[in-house]
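Shared between the two complexes below is chain A, which pairs with chain B and chain C, respectively.
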Partner chain A sequence: MTTKNEPGKTYLMQGNEAIVRGALEGGVHFASSYPGSPSSQVLGMLGHIAEQMGFRAEWSTNETTALQSCMGASFANGRSICIVKQNGLLVQSDTIHCGALGGIKGGLVIVSSDDPDSHSSTNEFDSRHMAISANIPLLEPASVQETKDMIPYALDLSEELEQMVLVRVTTRICHGRGGVELGELPEKRPFTPIGEWDRMVGINWLHSFLLEKLERAREAFEVSEFNHYNGKPKAKNLIITGGTGMKYVLDSLEDLGIEDEVGVLSLGTLWPLPEKLITEHLADAEKVLVVEEVDPFLEEHIAAIAGKYKINIEIYGRNDIIPQIGELNPEVVTKALKEFMGIEDEKAPACGGEGCPAAEGLAIPERELTFCAGCPHRASFFILKQALRREGNHGVVMGDIGCYTMAGQRAGQYGYHFMSCMGSGISAAEGLGQLTNYGFDQPVVSLCGDSTFFHTVVPGLINAKMNNANILHIVLDNSATAMTGFQPHPGTGETAMGYETEKISIKALCESIGCPVWEADPFDVEETTQLITDLIRKDGLKVLILLQPCATLAAKTRAKKKVWVDADKCRGDNCGCDRYCSRVWGCPGNIWDFEKDCAAIDEVVCVGCGVCAKICPAKAIQVEGGEE
Partner chain B sequence: MLSILELERKVVKTDLCTNCGACQGMCPYWRSYEGRTFVDYECDRKEGRCKYFCPRMPADVDGLLKQFFDEGDIVPQLGAVKELYLTRAADPEIRAKAQHGGTVTALVELALQEGFIDAAVLSKAGEGDGATLDPAGCLVTDPAEVRKCGGSSFQIPPTMATLNEALKDDVYKKIGVVGTPCKTLAAYKMMSKPFDDNDNNADNIGMVFGLFCGWGLDWKGMEAFGDAAHVDILPSKFHRMDLDDKQVDLDDVLPLVRENCNYCYDMTAEFADVSVGGARSSEGWDVDKGWNQLIVRTEKGRKLVELAREKGVLEFREFGGGDAKAAAMDKLKNAAASKKAKAVSALTDKYGDLGYLEPSKDAFKDYIK
Partner chain C sequence: MNTNVVICGIGGQGNILASGLMGSALVEKGYKVSVGETYGASQRGGSVMSHLRVSDERERGVLIPHGQADIVVAFEPVEALRILRVYGNPDTKVIYDTRPAYPLGVLIGEDEYPALEDIAAEIDANCSESYALPATEMAVEAGNAKVANIIMMGALAAMDEMPIEPEEFFMALAQNFKGKVLEMNKEVFMTGYNAIKEGRGK
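== the complex of A and B ==
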């Protein structure tokens, strides 16, 4: 990412970098975020350059605090940008609705990154609905260049309307790359003092102003350069796209050789919709195909516009010829275009797609997501399962969002009964834990990570304490926001800009609520299993902090111990263990040597944690310097 | 069905499991905690030793008896009986800790000293001073260590897991094992090598010492009574359990009897070289107190007992005058038959047939109501 002021010069950039550059060209004073894929890198980059470029960047405790801190900056006429993923936007929902009612001063842009196909999410929610609900303008770029261009535009628009603006991006924008022609870096604008009678208050008598702002946005969008028309003028077959839909459509049309037969209206201003622009094109068309990521958002609102203006037209999209779920890709879009245009299949299907001859006969084993080699979560869930089975009652394990969400799969001994959203583990467990006072007879265990703890777990914990729920709450403290790439959180003692800050102690915080706290090491398999067994039997709310740094972090700081299998001690399939290390423990570092028919260690993958040596029933796994 | 699932469904989840430990010690999957056997992770073997060694999986126990013992010695209610004696350890130090006369402790000590066995798998109390809390299996090779394991805990620690581990290690070639009837049945199941692929070196079992057993108690239940060095259940007319100086009404104890013990047909540990219990002669408790009755079942057992007599390790007491020995034998037979009848009744109530005893149903047909 370049911080140079080189207007007109073109750089190859990732979409996330383009957001950063856009923020610089928009002259932001303040940036905030809570990490979430696919836009996790944005604030990391902003944090690195904030000092140099004269603005503030912060990793916030959660998305709500992130957005509200932007509103604070905006009050002093500062420009701000808040970056979240789709779930983060939902966390902000109340703030957005109330904030929109009150309006803003300095430009405020929320960038929400959606993850169609949920590559690194638990869902593929569509952020766009939030704009309708909160009555705020919505933009979506179709390319990396537009991503960069849209941020300063959105900041200008936001300031002009005195309203926050939502920019929706998707994984392919965030992680895709493209050429970006730079714009000018502005002079930093000074803050404006907040006057005695200045107000930013969200209250219902402002409802009409809210709607007026939206109408002013619509007028601007009717002539916006982010809406394009390509292909045949006055086309009878019209394709309307939102965001990345445009690129897929233009490529597929070229592949099919029909780019001159259809018209493509690609929209970058998605709410409020430019009705005049749309009706002009609908008037000439006989049928429309809408291509967009995830929900039939545009499709249904275009249908509403057609109805409102009495335009009799066929409308297709996610509700029929494009699958209702999942990400767009060239195969999906090409197939939909063929169906839309009535083109028969002539040539062989696209490579790798359904029915592709090359793809048949490829035996690629299905692989589940798993914890990294040496991950402390593997040990934590291994221990938890054993402790619960000891009780003769498998208990109820209520989970949360983080790397440990994979515990629902083999990686964590299928250890999850429940998982919903950030903070859900403790809060739902509170409900069950209360019922243990009224006849519900199973041990209730909830889990969260250290970053999640600060994010939303604290209120749930207080609720559990106040209502006397019987829960063992386990904090899987790996000293990192590991899943999204080691962003600082309140427990790490560092800020986004690299400043040291006082670490907030999870233990002290829990104790201040009145929860008894235990700390243990998940790598002490036997002792910690016993501790969990004992804690499950105690009444009331208990907190256990399982401390062991993320293996990826540990690999950077600890000397790697050599681990190997003593082939004389490992009896292979003649041992009763049924490949305990590689099959049950399941660390990617534990592999099977099919030639020698015994266990082996993948030296490249192994990080030397040595836990497998503790659980090998034949004591065949050796650790350099002996077990700890 | 996977071996582990079959065993879990047929024995553990149906409350038939005695926690003897025969399924454990060979793999990491079967474990025991506080008297309860459980699976911690799933093994994916279709056939495993666990289900073949389990004393509560269906097996022809009558055929097994005939395979290992002289058919001429077999008494229907008691298994093979070569001799019946009243004995006690000559060493008062052994007797001080023993439930009754310390016969088993004295015999195992002697067996180790004289090379009848080269190691012994016993049950030992946990960390506390007494004998009742947290008992566990232990492997002993030093004769002097044997007496530390004397006395009864009235619980069923997974001793056979310790035996399995010792057999797997293949270091000791003549291992003696002391256990309740469920455990000694498991030992003979192992020796019958029911699983072709791997017998876990069952030939290394040297001798089996059986303990008479009425039932075992739940782990948690014993916690309520606290730790005690000496525990005994008095003859039925007293209706009492003594823990050191504390006397507990049997009605307070019976609710803690393990559910699985209701399905046990064997009072005298029929599968053993020698079996030992509390003396219950016709002369009454005042005379019997501090004495054992000892059944010799095999030649090897007889040799050890005779050596014990020669060396003065055991003291022998005559049965009294007349047909007192026959009366004691009848008393024992009646008690053993009563346990068989209760087990058959419990099993038929539960399954409609004899459950795990179904393969030997002819041997139990007289007990079916």
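== the complex of A and C ==
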């Protein structure tokens, strides 16, 4: 990402880079975030250049603290940006509502990245609803260029209205690339001292100001350059798009050769909606197709506008001809356009059906996600499963969010029973565990990662302590926020701008509230299995920290040991073990040599952790220097 | 002029860097470029793909419609087939690395990985031209398995549909690498480029 002041120069940029560039061109003083896909990379990039560009960038323990820090910076007329994923925006909900009521001083923009189709999320929640609920302005870019342009605009608007502004982006913007023409980098603006009688207080007598600010936003949006019209003027067939919808629609219309038959109104200012602009176009149209990501947000509000202004019109979209779930793509959009325009489908062979090349071709294996070679989570779930087997698989495991969420699949032997939002495992376990006082008699185990521990588990742990919970809580401490790309957290000792900071010890923190704590290494398969068995059988609240760095981190510091299979010892398929190493353990480094009918190690993939050697029943796997 | 290229592989093979470098070089030359990247939780063995769309008219949406890829560049044989089936048409050209990466289901013994000859046969039957390049092997020879992606970009640049010269790609490389690493990348790029020009693996 370029930090140069080269107005007019065009670079290929990723959407996430465009957010960074937009923040620079908007003259931000403060940036904060808790990582989440698809916008995880943004604050890392900001942290990298913050020193040089003279602003502050921070990773926060969670999204709430991130936003509240921005509000503080805004009080002195500082400009700030807070970057979160859709779940993070929901975590911020109370802060946004109260903060909106109190208003802000320096421009404050929240960028919330949604993940339609949940490419790397557990859900595809639609952030746009937050703007309505909190009464704040909402923007959504249609391209990478607009993403860059919208951030400084949103900062200006926010300052003008003294209100926070929400910018919604989606995976195809964040992870997409396009040409971006740079704008000017501004001079840094000085702060304004906070006077004795200056206030930022969220209280209900400001409710009318909140609504009045929204009306002012609507006026600005009526003439905003982020709303475009393409195609036939005064079209009877009108398409209205939000976000990524615009480009898919323009491409598909061209492919279908009907670009001159319809009008396309692309909206970038989504809340409050520019009613005048919309009614002008609705007045000429007979029917409308709304193309947007995830929920029928625009569709339903445009229907409401049509109702309010008594415009009799047919409105289609996510409620009917576009599927209600999943992301937009050229296929979905083309199909919807054909249906909308009454274009017959040529009889293309159905995917996988008769005449489809795939149906007659080779069977090709799916690529299911799994833990990396040498991942400590694979070992942790392996031993947890072993320990639970000793209890007759009687225990209940309450999971949480991180790389270890993959343990719900084959990669972790379907290793947990419960998974919801970040921080929920421990408190759900607390509630369940309490039932043991009333006749429920299964042991309850909860899990979390180290980053998740700081994010939201701490209050849950204190709650568990206060209420004398009867659970074993396991912290899978891999010294990393691995899932989202290794961002610093309070236990890692670094900050976004590269400064050192004192590490916060999970063990000391647990002990300080009176929890008994054990530490163990998941690679010590036998000892740790025994320890978990013992802890499950013990009553009360117990915390076990399983310490072993993420394989990706370990690869940077640890010398790789050579690992190989002694073909004479390997029992092969025939005799007993049934390919235990690859079938049950399932590290991508453990492969099968079909010619020798014997286990093998993929040397490119194996990182030499040596754990498979410990679990092989025939002791056929050899590790350089012997097993530790 | 419109060229659609799908670059695919599995997490960790350097897909994103490769498509970004190629895209930057083309933007520098004045083309309208869009790149769409599909990756889930990366680094953990999932399929990954980038859609690179080059045009001299306007910037297109980030996804190539099914059946409209002009070129498929695959860092893994089964991925070549997977993508060709969805995005290919009889005129599509394919360049693929011949080194397999086994999915979890195969390792576990529940799925089978097709024989390489069978994969090659099906690819050939469904495209207009294919190049089977041992890019990972070539990269290991050059001293680093990780640069297979740059070798594949060299191969892509050698295709007639790609309006790019090696020197133009080197400028994009020079914005990301310096010194010895830059030289090494330029060298391996040329091995891929020359391989295609010589018709290797065709």
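Note that in this section the second predicted complex is superposed on the first by the 612 of 628 C-alpha atoms of A that agree within 3 Å, B and C clash if a C-alpha of one lies under 4 Å from a C-alpha of the other, contacts with A are read in each partner's own complex, and residues count from 1 in each chain.
The rule we apply is simple: a residue touches a chain if its C-beta (ideal position, glycine included) is under 8 Å from a C-beta of that chain, and two chains touch if they have at least 3 such contacts.
Values in this document were obtained by computation on a predicted structure and should not be read as measured data.
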**Item:** Touched partner set for A:N319, first chain B, second chain C, both or neither
**Value:** neither
**Request:** Return first, second, both or neither, reflecting whether A:R410 touches chain B, chain C, both chains, or no partner chain.
**Result:** second
**Request:** Tell me which of chain B and chain C touches more residues of chain A.
**Result:** C
**Request:** Tell me which partner A:S224 touches in the superposition: chain B (first), chain C (second), both or neither.
**Result:** neither
**Prompt:** Which of the two partners, first being chain B and second being chain C, lies in contact with A:K385: first, second, both, or neither?
**Reply:** first
**Message:** By the touch definition at the top of the document, which applies to A:H119: first (chain B), second (chain C), both, or neither?
**Reply:** second
**Prompt:** Which chain A residues come up in both lists, the one for chain B and the one for chain C?
**Reply:** 583
**Request:** Note which residues of chain A are touching chain C in the complex, please.
**Result:** 10-12, 14, 37, 119-120, 143-144, 172, 175-179, 244, 247-248, 250-252, 255, 329-331, 334, 351, 357-358, 361-372, 403, 406, 410-411, 483, 552, 579, 582-583, 586, 588, 590-592, 602, 604
**Prompt:** Inside the complex, what are the residues of chain C that reach chain A?
**Reply:** 10, 19-20, 23-24, 26-27, 32-41, 43-47, 59-66, 78, 81-82, 85-86, 102-109, 111-114, 118-119, 122, 126, 145
**Item:** Touching residues on chain A, where the partner in the complex is chain B
**Value:** 385-386, 389-390, 392, 413, 533, 574-578, 580, 583-584, 615, 617
**Contact footprint of chain A on chain B as seen in their complex** = 26-29, 31, 33-34, 36, 38-45, 48-49, 168, 198
